[in-house]
Amino acid sequence: MNFNRIKNRFSKDELHDLGFSEKLTGSNRSINNDGSFNVKRVGSSTTNIQDVYNSLITMSWGKFGIIVLLWFILINSFFAIIYLMLGTEYLNGAHGREVLEQFLDCFFFSAQTLSTVGYGHLSPSNYWMSGVAAFECLLGLLGFALATGLLYGRFSRPGAKVLFSKNIIIAPYKDGLGLMFRIVNGRKTQLIETELKVIYSIMVDEEGRKIRRYFDLKLERAKVSFFPMSWTVVHPVDEKSILSGYTQEQLLGAEMEILISVKAFDEIYSQTVYSRHSYVHHDLVWGARFVPMISQQNGHSVLSLDLLHEYEKTELPQLIIEEASSD
Amino acid sequence: MNFNRIKNRFSKDELHDLGFSEKLTGSNRSINNDGSFNVKRVGSSTTNIQDVYNSLITMSWGKFGIIVLLWFILINSFFAIIYLMLGTEYLNGAHGREVLEQFLDCFFFSAQTLSTVGYGHLSPSNYWMSGVAAFECLLGLLGFALATGLLYGRFSRPGAKVLFSKNIIIAPYKDGLGLMFRIVNGRKTQLIETELKVIYSIMVDEEGRKIRRYFDLKLERAKVSFFPMSWTVVHPVDEKSILSGYTQEQLLGAEMEILISVKAFDEIYSQTVYSRHSYVHHDLVWGARFVPMISQQNGHSVLSLDLLHEYEKTELPQLIIEEASSD
Amino acid sequence: MNFNRIKNRFSKDELHDLGFSEKLTGSNRSINNDGSFNVKRVGSSTTNIQDVYNSLITMSWGKFGIIVLLWFILINSFFAIIYLMLGTEYLNGAHGREVLEQFLDCFFFSAQTLSTVGYGHLSPSNYWMSGVAAFECLLGLLGFALATGLLYGRFSRPGAKVLFSKNIIIAPYKDGLGLMFRIVNGRKTQLIETELKVIYSIMVDEEGRKIRRYFDLKLERAKVSFFPMSWTVVHPVDEKSILSGYTQEQLLGAEMEILISVKAFDEIYSQTVYSRHSYVHHDLVWGARFVPMISQQNGHSVLSLDLLHEYEKTELPQLIIEEASSD
Amino acid sequence: MNFNRIKNRFSKDELHDLGFSEKLTGSNRSINNDGSFNVKRVGSSTTNIQDVYNSLITMSWGKFGIIVLLWFILINSFFAIIYLMLGTEYLNGAHGREVLEQFLDCFFFSAQTLSTVGYGHLSPSNYWMSGVAAFECLLGLLGFALATGLLYGRFSRPGAKVLFSKNIIIAPYKDGLGLMFRIVNGRKTQLIETELKVIYSIMVDEEGRKIRRYFDLKLERAKVSFFPMSWTVVHPVDEKSILSGYTQEQLLGAEMEILISVKAFDEIYSQTVYSRHSYVHHDLVWGARFVPMISQQNGHSVLSLDLLHEYEKTELPQLIIEEASSD
């Protein structure tokens, strides 16, 4: 591949504002399939309480439930041991004889205190016991307050879940070709003022050094006011496109990556949300058309989400291959 | 109607950024009266926990109350059955003899545990009972935390409730005509930096295929800094307007739809809010004037919300009909 | 005053995007001193639950406290009456003989249930009583959840409290005059990207009808990146200003109002906030200078908030009065 | 240093929109190392409830914990004294004889009421006692609601923690020099659309008066779409730069300050966040290069946070010193 030609033609167009280093070498992709960045952080990262909060907010519900349950058991065990040390004779209603039974009495007294259920069949009978229990109540209330905040935070985080078609295709477009992928809103919320940015990244040889370079791909339409349906995003592969004049092999050989950033306004949460995706060479299909997702039934427009990834193979006009072979 | 003329004159003006497909056919409206999109989603939509939250946040208060009550009864019944299986002899204060009575004892013990009221006239007397009760307490606290978040979420969702006049009218405007509708802030909050976008949509014949096309309508004023009063939105039907030169029948016959998108900043919630509306052919009144909503009383400006929809019939200048008939 | 001259010179400059009606007549001010709009809404305003929330969020703390207390008493009285009707003989621990005593027993049982404290010295002894109590618990939890949301909402509402100098002054500025007022951040939060818009409004005679018109006043500086200090906002009264060429009497006589809108980003709440103010004729001081609020002490800049309103009288250059008298 | 030359060359470039006063004299820095402004506010600042909230939200966790604990003790002591005055004979289960014991009985009854644990081994036995306890319950619930809000507020405050390299360096850049510092995202959240503004501030002599002036420094790149890695911010010291033509001594001698403002969008919190920093003369290193923080391991890009501050001394091209000496 004539990397110099790319360099000369597009050196002015190259993007300097992406935030990825040119020093990225090898075939690493920049953005993982789930939208996270392919960067590992090491060293004295200051893991502070805000990072703990972020983890608790973003982890799965199963994991979150287990952590809450373990904490509940751990804190109750901790206080049970304190009550045990103070002596179960100062705990009204505790009849346990053996240590395990006494521990269980203390454990359930603690649980009833921490959760503020306080049946009263177990109750503190001296001042030390009452004092520790009062402190535990306070902790319980604060812990509960924390849980309230965490649960609210988990739920109320707007999350644009833009679904991307599994493949990016080269399809006939107008009199030439188009690079196309398809997106759909995976949530039932409405996305407003949706904007797309698509970036093509390749490794180029420059004075013997392989360097990763990034180029903006112009889109037929980069913004939609509403986004209730599917959106087939098209980069026309015309003479202005950096992709024009190359064959399938050349596009594939260049360790290419297509990075996509979606920005939208979520109506339910009244907040701006972002979504990212990237396609690499084995996601590219040469010569295909997406199957329409929208049909008409009883006066409604119907959007079939199942068809998002569906395409059918098609012939491509020969122009691009020819031009490329004369290169 | 001379669709080709429309096509030729306005092909450059057509909007490509609306997010509706050209393939929309038939007389379906794009936006329903309540501002939702007239699109039905089918297929493997991933209904996840965030969508459940959205439903709970946006459903009516009556429905929300019933769901909460049913959950409370369901969960208590579930735990009541567990306590029943553990045996009511391990529940201090439960005197029920028959199964139903025993179930009710267990049910109310569960209710007192889940809500952490814990009177104590019913209390667990063995460790299994205590363990299940402790777990139920924890669930109760988390459920309560959830309810807190949901209630806060329901209340704190900013919701611009822009009220639209029932009709869109053709009224005398300056030396010609104007397409007008009227809006007012339906909430007591203040809307700041309010912006409007009005789109005219028609079905046109194109090479035998009926296609829906969208055109921006220029407004006399598309943004107001403050919005404490009513706002009569005017599209002047002058020579630059796509609507000029057509009679009532032609405008009506084209399965037209006028889509409106309102964007504003809600001062109380400090968030950007959106509102949508659409008018279809039977909402159009030819030859009318809106009755003023603002009057002066004791040095105050008074806004009469009752008058929002009121108009009075009026004569229109003849110019537009003539021009149309000479077409 | 030569209103026609104003009309001719500035008809193009007039603001159409303010959202106030031209039909505002008389000497009503548009914006009250507290930043609210001087508009009264009447008619079928749909007072819905969101408006109730808004009221509860924005009312004073004293009023909020009283409403919460009254609700607590009201709801407990309501449930007390139900328990009374079910019979205090089904309430363990209730020893009241007379109706008032029985009511108080029921009232405090209700209070202990609603707040989930549930001491247990009062407890339900039949299933009806238990059922109502269980329902009251649920209500109590939800009410508490509501209170949590309201309190959080009250606290977390960002509120730019921009303090405005009591007076707006005409001061010497460069080689001419300037219309000046002074603002300072009244909160301890940081305001970032603070923007100002100043509008001059007068009543003009137009074909016998008095109409209120609005004009933008150009500012020496309309935006500051940071706002840690005081900001003296200056409109230079030069030949480009709509105010040039008028005497004090003419400016005063025109039932003028100067409207100010401040937009800023609040760092603590991470939200955009707005503030409004207006000056009317009796706030204008002719010939004065603001006393500096910033001084240097021990290497710190010190901002004296007490000096915000302070000015000292000064001589004005004669130019403007002369020009006006030759008019 | 030729201050007049600076004045003449850059009078048009000077920033008027920073919000700092020109009257700032002496060597005070404008922005402290932690990003706060070096301004002290005195006078009748209206410390209102929102400012109290802000303090509680922004103080350290340790301090917050102690305040909560003290409040808990204080309020319980207050109610304990009321119960004591009402008489412990009306408190079932209180067996204390001496005043201290009676106080402790009342204190723990209060704690059990405030926290709604309500074991019931202590319970009110007359109506006055019940009434005060009911009121305390209500207070407890509201206090808890408050704590919930505060804890949520503390956690959910987005806080961009941009880490700045300890030094700002003059390094070789292209064919000349560059002023460089390095930043990295100190949190695990993603920052999107990160923008930088860098301002150079010096004291200049103007008609015998020392005045602080502010100049914008043009950056090689002022915005990055993503910010997953380190970002070396470069101001090229070329002929267009206000810094060109000066030696180390001149730059140092001018009581210079370099102010940095970072704006970004935090993906987890879906909010815009700001960060500030400033460098003063003793932070400047003349002739150095930053050690790269990014390396490649097993197909991942690895970011070593430990290397943020690391630089190595290097030779500088002579051009700038020469030009300066010929000045």
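First chain written, first letter: the chains are A, B, C and D, and each begins at residue 1.
Here is the rule we go by: contacts are C-beta pairs under 8 Å (C-beta built on N, C-alpha and C of every residue); 3 or more make two chains touch, one makes a residue touch a chain.
Because the structure is predicted, anything quoted here is derived from the model rather than measured.
Against reference pair C-D, the listed pairs A-C, B-D or A-D yield one interface repeat, A-D (criterion: more than half of contact pairs the same by residue number).
Of all residue numbers seen at the subunit A-subunit B contact, under half occur in both copies; the interface is built from largely non-matching residues. Counting C-beta pairs in contact across B-D and across B-C gives the higher total for B-C. Computed from the mean C-alpha positions, the centre of subunit B lies at a distance of 28 Å from the centre of subunit C.
Centre to centre, using the average C-alpha position, subunit B and subunit D are separated by 39 Å. Shared contact sites, meaning residues of subunit B that touch two or more other chains, fall at 112, 116-120, 144, 148, 150, 152, 271. Looking at the complex, you find that subunit D touches subunit C at residues 16-21, 23-28, 37-46, 49-51, 53-55, 57-58, 92, 112-113, 116-120, 122-125, 127, 130-131, 133-134, 137-138, 140-142, 144-146, 148-150, 152-153, 157-158, 197, 261, 269, 271-274.
Residue ranges of subunit B in contact with subunit D, taken from their complex: 116, 118-120, 148. Partner subunit D is touched in their complex by these residues of subunit C: 61, 68-69, 72, 76, 104, 108, 111-112, 115-121, 144, 147-148, 150-152, 155-156, 159, 161, 186-190, 192, 194, 220-221, 223-229, 231, 265, 267-268, 270-271, 292, 294, 296-297, 299-307.
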